[in-house]
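Everything on this sheet refers to the single structure shown next.
To keep things simple, chains are lettered A, B and C as they appear, and every chain counts its residues starting from 1.
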Amino acid sequence: MDLVKRFARDKAALLGATLLGLLIIAAIFAPWLAPYPNDVFDFHIERRLLAPAPEALMGTDRMGSDIFSRLLFGARITLMLAGIAVGSALLIGVPIGLIAGYYQSWFSDALMRVAEIFLAVPQIVLAIAIAQTLGPSIQNVILALSLTYWPFWARLVYAETRSMRNEVFVESAVALGASPWRVIVLHILPNIASPIIVRTSIGMGATILTAATLGFLGLGAPPPTPEWGRMIAESREYLPEAWWYALAPGIAIFLTVLGFNLFGDGLRDILDPRTRRSV
Amino acid sequence: MNWLSMVANRLIWFVPTLLGLLAIVFTLSRVVPIDPAFLAAGENASVEQVQKVRERFGFDKPLPVQFLNYVRDVAQGNFGVSMFTQQPIVNDLATRLPATLELTLVAVLIAALIGIPLGVLCGLHRNSWLDHVLRVVTVSGLAVASFWFAMQLQFLFSMKLGWLPLSGRMEGFPPEPVTGLMVVDALIAGDGEALASALRHMILPAVTLALPAAATVVRFTRNGVIGVINSPSVAYQTAMGFPRRVIIWKYVLRMALTATVTQLGLIFGILLAGAVVVETVFDWPGLGAYAVRSILQSDYNAVMGFTLCTGALFVFINLLVDMLQAAIDPRGAA
Amino acid sequence: MTTTRRDALKTVLGSVAISTVGFEGASAQAGGKFVYANNSPYDNLDPHTIFDTARAATRFNLYDGLYRWVDNPPKMIPWLAESHTVSEDGKVYTFKLRQNAKFHDGKPLTSADVIYSIERIIALKKGAASLYLDAIKPGSTTAPDAHTVVFNLTQPSAIFLTTVPDILIVNSAMVKANEKDGDWAETWLARNEAGSGSYALRRHDPAVGWTARRFPEHFAGWTGQPFDDLEFRTVLETNTRVLGLIRGDFQGADGYLPYDQIQRLRQSSNVQIIEAESLRVFILALNNSKPLMNDVHFRKALAYAFDYDGFIANIMKGSVSRNPGPNPNPIWGTPAGLKGYSYDLDKAREELKKVTQPLRPITINALAGFSESEQAATLFQNTLRQIGVEVIVDVSPWSVVSGRMRSAQTQADIIPLWKSTYYVDPNNWVGELYGTRYHGTRTFSYYSNPEFDKRLDRALVTGNQEERQKLYEEMTQMVNDDAAGIFVYNTKWYGPYSSKVEGIRFSPVSNGQDIRWASQKR
């Protein structure tokens, strides 16, 4: 209860939470909120590239579809994509980090070396290469993002686990004969959960940016998927006349990532005192 | 001793890390949708000719053998030939590296010149309106999609106002390359027009690239300053009657240096990842744009060369950072 | 051996003599620089391996061929060769080279250079090679003297002469000196130039483009006020090209800009737009060999399901005209009154009912970076959904698309793309697109029809123009009846040039990039 109160007092974090709330509402209720829910697939080429007006709040795109409607459906794709990608990266990375950090052997060294290899180049480079190899589709974007993101989690959890390993309560649990499995799940994991949760929120933001970049480069979901990065890429050739075309999806990406980052910062302040932003 | 063993340990792992990286990219390059032999054989080659090419380049051998052959070639400095430029990859990378270096250096400079002073100010005036405003700005700076930001800058400054060029590195041909850094080359050649053109072209991409880096620098510097102010040594010296201003500046300067060095690896990562996108949007003829083009065209020799080159650079810089950090603050080197 | 000029072929070179404008070596008043903003990078300058329209400038300005295409409708004029004769059996072509042609290094151009060039083309097997691989065997070309070249074809060819302009001549001594391990200097010539063309290369940077200086000793001489310096600069961003033209930084740019941009350019007093009906057909290539796609009723359903008029009126803004068949409207080979297909979803549904095979999702592979291709794909996806055909759109760069086209298994079901002019003959379109002999090389269709092939075989060897016309018309009709492809429009070329330039000679082969004819307004 105290935590919630503290969180609520942090205006920035509250703003983040609000933005995320709006995003989730947009994603869930897209078919009802969108003025033209069929415009994801239906085109009206006689109405293409119209400036914002009451009947098309954010204008229309190159196929004559309502940008606002597509934007709402894009929220679904963005959330689903980042959610699954970060989730799978966690599922791969956290166990590897735990195991490698708990057992200090050549095997854990080797595991972490593999993670280091992935971290030796910026994530986006490997993600582009993988996405291109697999071919453009939402599933492949998710795959490319998870495959390049797990090492980050492995390294984080590894470092946290290593420092926990020498804590008195872990050592005593081991001395009392608790199985390694039990120690990891019951003693270590709960204690390193805070940094993981905080980083997950910020990681969602980063992943959404990377995914949008893939879409922008043409490696994301195929058309006519209303993916925000792709929408921005499509708009490029119609600048400067169709100024509205890129504006809405760009702001949508910005607000979404901002929401995750502020939310994450707020969480950090209440959950993870060691790295507190020291307000 | 500690320091030496850390460096030695890093050096030992340098080669295996790069080998691992190569293995990943190599695997990717061999499951591409198009047979590399088709690309190498030419558009009009018959089935038999493709088969010949396959044998000549060893594409018919088992993958591990192909990989070993590739590693052997790379060890001899031979990265293969680009399918599209017909040039050795090493040449391609060498001609594009200066463009990326120039852009990145300028971006680092912008990020440091803006980020450190602002970070110090925020740290010293914690919870002031300036601190709050800058917090919003820095969090925002990290939330903007760089390609979109780049497009908006282009829209405003090039298309609407016409102040700055839309893309490219210079109007027309640059002065004869000496360093490959166009600003330097223009100075050497004494070509004022080229210098002006190079600088004008650099503003928008450098600012786009510097934005997330500057935001990162502000945040770290700010937290560092706060840490210094609250540190026992500052409290002690204040108690000893030293003027607070002198103490703070002494420690803050040292801290700013340490923080910058510590974060250099991170910032370099941000910039390199950013360069891939920013160069593509601004047609900046550097490594990033080259990588994107090679990837999209399935020119896998080029992709492997780029990855190896970036990986080596990245690992090397991180090593350098760790060494510097250890030298500045020996306690940290565990 | 008796050699005579054959009447039928004469018609192709009909206006030869009159076209040789300005050959009398006039003393030109030159100066100035022509900067052309190009939409794709000049990463490779080799005239024998690069054969796309986007990079035609290197071929036309730095190199010369035996003959040359100019003007619209295109005609072939004598160039390095003054004339030719054909043997009675149609297999031996003898070309007389002019005496005064020189390479940029001052060395005279002789028959040895022509032989080296054709051998290099067929050995490297890239670019234009597919035009010659069947007809010319390595080592079969001979030179009785320094200014005579004899091509000994394996069989008579009706199209060989129209492909002669694509045999660009390189300086054999210079290229040989730069060969490495029998690579025909492929690496060297990618970055250097060894030609005799109107301009000599000065600098090349794959990231920037290239510059060249006028070659005053060019055999064709110079008239008017030609440009002394030429720069072909890579400017990928459409907006930069357009703004540069408006500001006067560029004297020319590619003529296939989106129509919105053309309208923008028209408002500038610095820019003139030269319009011409090009020979570049936008088609939705169908892979006729795949299951379901091999059913004529399914293909007809597809052909009835594309909104031709909507696409042309809205997306192309009415800037182009409908082209109902595979051959571009301006050239012969299409039966009079060919109607083609129209947008009619009811008819499409009717045809779909006759399909016996089970439906499956269809892939459309659009070209990345070409918004018309992407928009055609998404539009088609939309209309096909209405008749119950599910479509997956995949967007990939040309290199990937063309790589997949190498085999019938990997080529997508539908590809929206253009078929440009490489030589001016219906064979460039209907022949190459639907002949079984072109499978794996120049076809986009994997269509196989013995009746069609029989006519194609004949049309490729006969010298009788009337017979050829009839054959190509029949082939076009077959393609239409089988709905072997979906034909949308013929491109109009809107060449944007500085208003201070005159004398641009557009041909659908050079696309207005042959700068030697251009002149500065006084």
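Keep in mind that, in the parts below, a contact is a pair of C-beta atoms (placed from the backbone, for glycine too) under 8 Å apart; a residue touches a chain by one contact, two chains touch by 3 or more.
What you see is a predicted model; the values in this text were computed from it and never measured.
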Centroid comparison with chain A (C-alpha atoms), farthest chain: C
A-C compared against B-C, more contacting pairs: B-C
Geometric centre: closest chain by C-alpha means: B
For chain A paired with chain B, centre-to-centre distance based on mean C-alpha positions, whole Å: 22
Geometric centre distance via CA averages, chain C-chain A, whole Å: 46
Centre distance in Å when chain B and chain C are each reduced to the mean of their C-alpha atoms: 41
Where chain C touches two or more other chains, by residue: 239, 368, 396
Per-residue overlap in chain B, given as positions that touch at least 2 other chains: 33, 154, 159, 296, 298
Two or more partner chains touched - positions in chain A: 135, 218, 239-240
Contact set on chain A toward chain C in their complex: 41-43, 45-46, 48, 62-64, 135-136, 218, 222-224, 234, 237-241
Residues on chain A engaged by chain B in the complex (per definition of touch): 12, 113-114, 116-118, 120-126, 128-130, 132-133, 135, 205, 209, 212-213, 216-218, 229, 232, 235-236, 239-240, 243, 246, 249-250, 253-254, 257-258, 261-262, 265, 277-279
Partner chain B, residues of chain C touching it in the complex: 35, 43-44, 46, 49, 124-127, 129-130, 133, 186-187, 190-191, 203, 205-208, 211, 231, 233, 235-237, 239-240, 243, 249, 368, 396-397, 399-400, 402-404, 406, 410, 440-441
Of all residues in chain B, those that touch chain C in their complex: 33-35, 38-39, 41-47, 49, 81, 84-88, 92, 95-96, 99, 154, 158-159, 162, 165-174, 283, 285, 296-299
Of all residues in chain B, those that touch chain A in their complex: 13, 16-18, 20-21, 24-25, 28-29, 31-33, 126-127, 135-136, 139-140, 142-149, 151-152, 154-155, 159-160, 223, 226-227, 269, 272-273, 276-277, 280, 291-292, 295-296, 298, 303, 306-307, 310-311, 314-315
